[in-house]
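Please go over the structures that come below.
Presented sequentially are two complexes of chain A, the first with chain B as partner and the second with chain C.
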Partner chain A sequence: MSWTTWRARRTFRGSLEQLAHLREFVNETAPQFGCNEEDTFAVELACDEAAANVFSHAFGTMPGEIQVELWRHDNTVTVQMKYHGGAFDPLQVPMPDLDVPLEERPIGGLGLYFMRQLMTEVKFEFDTVNGNVLTMHRLLIPESRG
Partner chain B sequence: MELKTETRGNTLVLTISGSLDALTAPELSDALSTQLRDGNTNLVADLSQLEYTSSAGLRVMLNGVKEARQKGGDLRLAAIQPNVKKVLDLSGFMSIMKAFPDVDGAVASFA
Partner chain C sequence: MEITVSQAEGPKPITIMQVHGNIDSSSFEVFQKRAEELIHGGVHDLIIDLEHVPHMSSAGLRALNQIYNQLRGEKEDQQSVSKGVTSGAYKAPHLKLLAPSSRVAQTLKMSGFDMFLEIHPNLKSALASF
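Up next is the complex of A and B:
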């Protein structure tokens, strides 16, 4: 069976109140693509972290929105987030050093670290037509393939 | 997210229910700051009803641990549920924070 026909798209207002709705969307959609619990949770958390960064930093005081699209191709599930507003690359947030002692560890950057741990590939592009495009791929664990 | 507090001996138990994310975590941050400012430095986070946390919730917990320890106390976790455990494991915070299977054990650890 080909999974390339499985696609879902939804647009969310650019505010932190939408995070719970975004997670619900991923939770409902990813299992339909054959994602098991572990894959679904990984995609849910990565989407939450990415969107929280975008909602907090990309729109400023202007109202914005974010279009989220999920699809599966072979054994990879992909999430793509498109949003306008100023160019904002959520991948430029500094990564935390988890080896330094607690007292010396700076707060922040953990969300991006999660995105990179949970997803196989994370990339950001900006152009004047599409605006900001954040794409995250996850190679499904073997139990989700089929 | 909902918060409830209960004093048990020299310890304050904060029961955190629902989901912690970038929207709701500031409320927990405010609650922790208030308790620490009021001198409640022996803190237990009862996570038995916390279904989800993102990095935003973990940042607040980590700040709580740092501040409580600086004041001679601690913030200890109890009854961590599977999805929250996954996020804690991913962060590496489990090596820093003290966790207990239930609230009674966490409270007793301050005795």
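Up next is the complex of A and C:
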């Protein structure tokens, strides 16, 4: 059976209170795609960080929503988040320097760092039809490969 | 999120803050505010019990960072802290973490927070470490 047949999609209101529901969705879906505990944790935390960033910055005072889609192709699990709102420019976020003591570190940037640590590839795009599209791929660790 | 606060009996007053619930972008402010209230109220030594925290994101780590900064002793000068962190000899003297789940422990490790903050498996060892 091909993993490409596995696809799940859900839309969430653009509010920080939705983070728990989003994590639940990922936590229930990823194991069905053959993700083991570590892969599931990685995808769930990366989604939390990505969505928290969108909910905090993209919508301003306007109501917004975010469409989250997960699928698996071969040994890669992909999460795609689509939303209309302020675009996110990752180049504006400094990478945290983990070698310096806590109090010297700039606040922020850690969420994006997590996303990049946990996922094999993180891509931000914008087009007029879909709005902002955030795509994250994770190459599954060997024992998860079904 | 529910937070219960208790005081350990001993020669030195040590406060234990037990958190129930996830610490994410929607809840970190409640967590951070409660800790700050304790610190402003005179708490110098704090154990944060994470046993009942299934999930912590970078928002929770930022809150821990703020709490750590507020508990830093005046004697801890920046240079010696930096040196100690690099050599592995420095751990925060006034803030200790207790019993994180494997997921939360992984988040602490990934961020390098475990280099500064002691993580204890049980209350006895956390109390004895002050």
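Here is the rule we go by: the second predicted complex is superposed on the first by the 142 of 146 C-alpha atoms of A that agree within 3 Å, B and C clash if a C-alpha of one lies under 4 Å from a C-alpha of the other, contacts with A are read in each partner's own complex, and residues count from 1 in each chain.
Definition applied: a contact is a pair of C-beta atoms (placed from the backbone, for glycine too) under 8 Å apart; a residue touches a chain by one contact, two chains touch by 3 or more.
A quick note: this is a predicted structure, and the numbers were derived from the prediction, not measured.
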| item | value |
| --- | --- |
| Room on chain A for both chain B and chain C (clash or fit) | clash |
| Chain B versus chain C as contact partner of A:111, first or second or both or neither | both |
| Which of chain B and chain C A:131 touches, first, second, both or neither | neither |
| First (chain B), second (chain C), both or neither touched by A:23 | both |
| Doubly contacted chain A residues - partners chain C and chain B | 16-17, 19-20, 23, 41, 45, 48-49, 52, 55-56, 98, 102-103, 105, 107-108, 110-111, 113-114, 117-118 |
| Footprint of chain A on chain B - complex, ascending | 19, 21-23, 52, 54-56, 58-59, 62-63, 65-66, 83, 86-87, 90-92, 96 |
| Complex contacts: residues of chain A adjacent to chain C | 16-17, 19-20, 23, 41, 44-45, 48-49, 52, 55-56, 98-105, 107-108, 110-111, 113-114, 117-118 |
| In the complex, chain C residues that touch chain A | 22, 24-26, 55, 57-59, 61-62, 65, 68-69, 72, 78, 81-82, 85-86, 103, 106-107, 110-113, 116 |
| Residue ranges of chain A in contact with chain B within the complex | 16-17, 19-20, 23, 41, 45, 48-49, 52, 55-56, 98, 102-103, 105, 107-108, 110-111, 113-114, 117-118 |
